[in-house]
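Both complexes shown next keep chain A, but they swap its partner, so chain B is in the first and chain C is in the second.
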Partner chain A sequence: MLDLVADDTLANQIKEICGENVKKCYQCGKCTASCPLAFAMDVKPNQVMRMAQIGLRDVLSSSTIWICASCASCTARCPLEIRISYVMDALREIALKENIPPKEPRIPLFHKIFCRWVGWLGKLYELGFIMEYKLRSGQWFNDILMGIKMFINGKLNPFPTTSPNSEVVRQLMEKTSQR
Partner chain B sequence: MKVAYFPGCSLHSTGIEFDISVREVCKAVGIELEEIEGWICCGATSAHATNHLLSLAMPAYSLALAERMDVEDVVAPCAACFNRLKHTAVLCQDKATFEKVRELLPIPWENRLRIRNLLDLFVGMLEEIKPKITKPLSDLKLASYYGCLLLRPPHICQFDDPENPTTMDELLRACGAQVVDWTHKTECCGANLTIPRSDLVVELTYRILKSAKTAGADAIVTACPFCHLNLDARQADVHRVKGEIFNIPILYFTQVLGLALGIPAKKLGLRRHLVDPFLIPTLRRR
Partner chain C sequence: MPRVGVFVCWCGVNIAKTVDVEQVAQKASTLPGVVYSTSYRYMCSDPGQELIRNAISEHKLDRVVVASCSPAMHETTFQRAVSEAGLNPYFMEMANIREQDSWVHEDRELATEKAFELIAAAVERVKRAQPLEPLEFSVEKKALVIGGGIAGIQAALDIAEAGFQVYLVEKSPSIGGRMAQFDKTFPTLDCAMCILSPKMVDCYRHPNIKILSYSEVEEVKGFVGNFEVTIKKKARSVNEDLCTGCGLCIERCPTKATSEFDEGIGERKAIYIPFPQAVPLVPVIDREVCLWFTKGRCGLCQRVCPAKAIDYSQQDTYIKEKFGTIIVATGADIFDASVYGEYGYGQHPDIITSAQLERMINSSGPTKGEIIRPSNGKHPESVVFIQCVGSRDEQKGYPYCSRVCCMYTAKHALLLKEHLPNVKTYIFYIDIRAFGKGYEEFVRRVQDEFGAIYIRGRVGRIYPENGKLIVQGTDTLLGQQVKVEADLVVLAAALVPRKDVKDLARKLNISTDEYGWLMEAHPKLRPVETMTKGIFLAGTCQFPKDIPDSVAQASAAASKAIAIMQQESLFSEPVVARVNKNKCVGCFSCKEVCPYSAIEEETVLEQTSGLEKKIAKVNPGLCQGCGNCASACRSQAIDLLGFTSEQLIAQLEGLAKVERE
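Up next, the complex of A and B:
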C-alpha cells in the first residue's frame, strides 16, 4: 500500500532555519502567479510549498531553489503572510549542508566564490571575483565585450578594495558554519 | 544633518557613478555623510542564500561600528545593502535572534540605529530641497523604477507602498521632470542571476525596457546598482537576443536630482554608463 503519511522532518528543518511554517500554505497559487521566474522553474513556488509540507525531499534537487532571485514578490503577496522567499533560502541552505547535487550548479558556485572573496578581503573585489567565477564555471567568453566596455568606462575597479576587518568576516563565517 | 554612510562594495566598482552622485548631491542639500570606518560587505544575496545567521551577522558588525559614531541614522544608498542592513535591524528586534547574533560579534552592539535609504531621506526634506532646484528638467519623461529590494519584503523595508510606490515619482517631479505611468516599476530585473544565468536576466530586462519604452519614457531611473547593471549593461544582449534596439539611458535618482540642482553632468558620473545618457538632447546641454 502507498504510504501517505507526511514526513515532518523537512518542514521542521525549514522552521528551525528561518522560522517559517510551511504547513500554513493552502495552495492558492498567488506566489507562483507573482513569480517573475516561474517560467524557468521546474517546480513552481506553490508546488515547492506543498513538497515542503509533506516532506518530499526531491524539492532539494529542483532548479527552483537556485533560480529564485529572492525578489520577494511572493512574500509580499501571500495571503497567509508566509515568507516564501525565506523558505527558498532555507531550502538552499539545507541542500548545501546535505551535499545535494544542484540542478543549476553555476548558481551555488557563484555564491561560494562570492563568499570566499569577501572572506579574504572583507569587501567584494568584483573584478577578481568575476574572473575566478568565469574560469571555474567555464563561461569564460560570454560577457567579455560587456566587461571591456565597463572597464573602459571606469566601472570595473582594477584594484581590490579591502576592509581592515576582513579577519572578522572569516571568524563570522567560521562560527556560523559550525551550527 | 550628519549620518553614517555605508557605501557597500558595488559603489566602489560597478556602481561608482552612484557613489559619486550620492556624495555630490548630499553635499548640495546639506547632508553630511561620514563613512563607517572599517565597514565590511553586507553579504548580499550570497550570504542569505546560503547561511541565514551569517547574513544577519555581517551587517550587524558594520552597524556595531556605526554605533561608535555620533549619529542616529545609517544611510545605505544601494538598495541591496539597505535591504540587508534593514533585515538585520528588524529581525534582531526579536530577542532570541538578537542574542544569537550579538554572541557572534567581537564588539558590543545594541541595534539602536535607524536604517535609511536616500530616497526616503530626500523626500522627507523635499521642502528644503525644492528651493535649491535651479535647473528643472522640464522636457524629460522618466520611468521611476523601484525594483525589489527597496520595497520587499514589506515587513522589513517598511518603505512606501510595495505594489504602487510613489516616493521616487515625487522626487523626480520636484526635479521638474514628467513621470510616466508604466507597468514594471516594481518588477524584478533578475539581480545576480546576471552572471550565472544571463539568459534569464535578458528576458526580464527586456520586459522592463519594453514597458518603459511603450510608456514613452526617455530614461529609466533606478536606486540600485544591480538594476542599473542589468538594465544598462545588458541592453546590448537584449538587442542581440530579442532583435530590438532600445537605447534607453538608465540613470540613478541621485544623478537626476544632481542635474536639477545645477551640478554639471561631468561631476555626476553620467559618462560612465554604457547606454549614453547624452542621447537625450536635454542632457547634452548640461
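Up next, the complex of A and C:
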C-alpha cells in the first residue's frame, strides 16, 4: 500500500522549470484520450499529472516521460489549459538532472547524440549520427535495409556538410545545455 | 456649537484586543465639540443602543459618533437608535475601528492611536452634517415580467394571484420556454408539458395577466415604482383577435423552414405555431422565408383563412406602459458544441446535442418520439453520451459547472432504455453532480436498473468507421484508453448566457458577471434582487438552474415585487447628488459617468444675463448615491448629500490635526 504524504516539491520544481501548475488538473483524462502513444506508456498522461500533483517521484522513472513525442495533442485539448507537453519536458529535465536511469535509455541517448552532431556542424550529418547511435545503442542491424534504400535514393549524404551559421547554432546549443 | 457624543464599541474582543478602548474613549472626550464619551462591550446590543439613547437625552447631544464596525454592518441599527431618541438619523456618523483598524493591525499602541484619529475625523465630519429627510414617491401597481419560460410564468402567476396586474413579455411566438421542449423532467419523470401547460393556460386566462408574445422590451426609463417601458410588438402578420387557431393556413402553406423549437432537427412551415399547446394559439409568419414577403406571390394562407385573420400589412407596434417592478426571466442559450473539432458536432449527422435528443424523444417532436440515427433513420443500438461539453473548460468553453447536464443525461439514458430496451448506453463523465432531492437515487437507478455504463473520463476523438462512430476516450479509473462503438453520440452542451443579454442588461441598468449571467445583489443574502431597486431575477438568466430551482426563484422574485407594489408610497435614501444651479456650467461630464442614467437636462434662466442655459439635474429616484458625478464635476457644482465636500474636507482635517499635535 502507498503511504501517501502530500509533497509539493515536485509540483514546485515543474512550475519553476516550465511555469505549468499541475495542481489545476481535475483528472478528466482528455490528455490520455487524445494521446497517440498512450498505448505504449506504462503510466498514462493523466496518471502522470496525478503523480506530479501528490509528489510521487516514481513518475521520473516511468517510460511515459521518454515515450511522449511532444505532439501536444494533450495540450491542445486540455480543458484547463495546462500545457502537458511542457510538463513532460520538465519531468525529463528533472530526471536527467537527478541521474535517474531512464526506463527507455535509447531515447535520451538518441537526443544526446542528435544534439551533439547539430552542435558540431550547425546541422545534422545523418550518416555519422546513425552510425554513432547504432554503435552506442547496440542496435547494430535493425533498420539496415531501410538505411541502404535511403542511401541508394540519395537521402544520406556520405560526407558531412556544415551550416554557414554553425557558430550561432553551437552557441545556441551551449547556452541551452547549461540549464 | 454642536454637542457631540462618542461611543466606542469593544465588539467583544474583536476591537478591545488590539485597541485600548477605554483610553480612546477618554481621549475622545478632549476633542473640540465632544461633550460625552464612553465605551461599551457590544454597542449594537439592546443595552448598547439604550446607552446611546439615554446619553442623548441626558447630555443633550445633537450629534453622535459610534466607533465600531463598518457602516455596511450596523449603520441602520445606529441610525434607528438615534432617531428613536429624536435626532435626525444623518446626525450619526460611524468610525470604523474594526475592519479598518483592529482587524488589520497588531501593534496595540499604534492601533489605539489610529482609532483615536479615525474618531477625531468622524467628529469633525458629523459636526458639519445636515439633517436629511427620505424622499417619497408613488408606486405603479403593475409588474413587468420579461421572458415567458417556466420562471416567468410562475412569477407572473404569483403576482397576479396577489392582485396586481402583470404584463408577460415573450420574445418568441408562444410562452412556455425551454420546458415546453422537454419530454420528461428529472427525477420524477413527470411529463413536462402535462405540468407546464396548465400553468400556461392559467396565465392566458388570468384576468390580471396580459401576455405579449412575439414582443421585446425596447426601452426602459424611470426607477422603482415608476418604470416607463417601451415594448415592441413585432409584426405577426396574423390578427390575434380574429384568429381562431384552426391551423388551416399552416396546412396549406407551401414553404418549409428549419424549426427553432425542434433545435434544428425538424421542419416547420413559413406560417407556423411552434408546438401544439402554444399560448397564444396564433400562428406567426416568418417573413424571411414566406413567399409573399420574399417573392411577392402565393398568398395561400390569406385565401384559405376562414376568419380573415391574415394581415400582410401588419407593422411593428410600440406599447408604452408604466410599471412598479420588473422581473427578468430571460433564460439561457445552449453552448455551440461545434467549437470542439474532436467531437465532430456539425460534421456528422449522428452527433447531436442533448436538446436535439430531447426533441426526438418528445412524442410531439419531429420524429414523433422515435429515437433514430439521423443519417439512416434506423434505431441506434449503442449510444454514447459525453458530459461537460462547454462547461468545466477554461480553454474553449466556460469554467463553471452547468449544473443540469448530469441529471438530464441520466434522464436521457433512462428514457432511451424505455424506448429501446436493447440499446446500450455509455456515459463519459468527470464527476456526477446529483445534489438535489431524489437526484442521487435517480442516477443510481439509471446505473443499477437501466444499465447505463458510466465511464469516468473525457473523450479525445470521435471518428466514423464502417458506418459507425468510434468514440476514443479514457477510463481514468482503469487508467486506460478505451474505444466505444456508437450509432449515436449525444453531447451534453452547457447552458450559456443569452447572446443578447448584455443589450437587455444595458436597457435595464443591471449588471452581468464575467460570463454574461445577470448579477444578483448579493450571492447569498439577496439572490433574487439586482443592484437596481425594483428589478428582480428569476430562472436561468442568473445562472444555470433546474426547474425546481427556477420556480423557487421565480416565486421569491414575485414576493419581492409584491412587497414593493403593496406599499402606498416608497421612501428612498436621501443620500443623493444635488446640483448647485449657479455653479453648473452644463458640461454634462456627470451624465457620462452616471451608471444609473440619473442625470437629466434642465433649462434655466441665468440670473445675471437673463439668458437660457442648460444645466444638469439629478433625478433623485434614480440616483443611488455613488458619487461619480460629484467627483467628475469640473465646477464643483455637485455635492452628494451626507458626503458633501465640506464634510469630507473637515474629516480629512480632523485626521491631519491629530497628527500635528
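Descriptive notes on the structure:
By definition in this document, the second predicted complex is superposed on the first by the 158 of 179 C-alpha atoms of A that agree within 3 Å, B and C clash if a C-alpha of one lies under 4 Å from a C-alpha of the other, contacts with A are read in each partner's own complex, and residues count from 1 in each chain.
Throughout what follows, a contact is a pair of C-beta atoms (placed from the backbone, for glycine too) under 8 Å apart; a residue touches a chain by one contact, two chains touch by 3 or more.
Small disclaimer: the values here were computed from a predicted structure and weren't measured.
Once both complexes are superposed on chain A, the partners chain B and chain C fit side by side without clashing. In the superposition on chain A, A:Q178 contacts neither chain B nor chain C. Using the contact criterion defined above for the overlaid structures, shared-chain residue A:S73 touches chain B and also reaches chain C. In the superposed pair of complexes, A:A38 makes contact with chain C only, with no contact to chain B. After overlaying the two complexes on the shared chain, residue contacts for A:N99 are found with neither chain B nor chain C.
After overlaying the two complexes on the shared chain, residue contacts for A:Y26 are found with chain C alone; chain B is out of touch.
With both structures placed on the common chain, the touch criterion links A:P164 to chain B but leaves chain C unconnected.
In the superposed model, B is the one of chain B and chain C that contacts more residues of chain A.
The angle formed at chain A by the C-alpha centres of chain B and chain C is 80 degrees to the nearest 10.
No C-alpha atom of chain B lies closer than 5 Å to one of chain C in the superposed arrangement.
When both complexes are aligned on chain A by C-alpha atoms, chain A residues 39, 73, 81 touch chain B in the first and chain C in the second.
Of all residues in chain C, only 342, 388, 392-397, 430, 456-461, 472-476, 479-481 touch chain A in the complex they form.
Contact residues of chain A toward chain B in the complex are 17-18, 36-37, 39-40, 67, 69-73, 75-76, 81, 83, 85, 89-90, 92-93, 96, 104, 106-112, 114-115, 118, 122-124, 126-127, 130, 133, 137, 139, 142-143, 145-146, 149-150, 153-157, 161, 163-166, 168-169, 171-173, 175-177, 179.
Within the complex formed with chain A, the chain B residues making contact are 9-10, 12-14, 16-17, 38-41, 43-54, 57-58, 61, 104, 106, 148, 151-155, 162-163, 186-188, 190-193, 195-198, 200, 203-204, 233-234, 236-237, 271-274.
Partner chain C is touched in their complex by these residues of chain A: 26-30, 32-35, 38-39, 44, 46-47, 73, 77-81.
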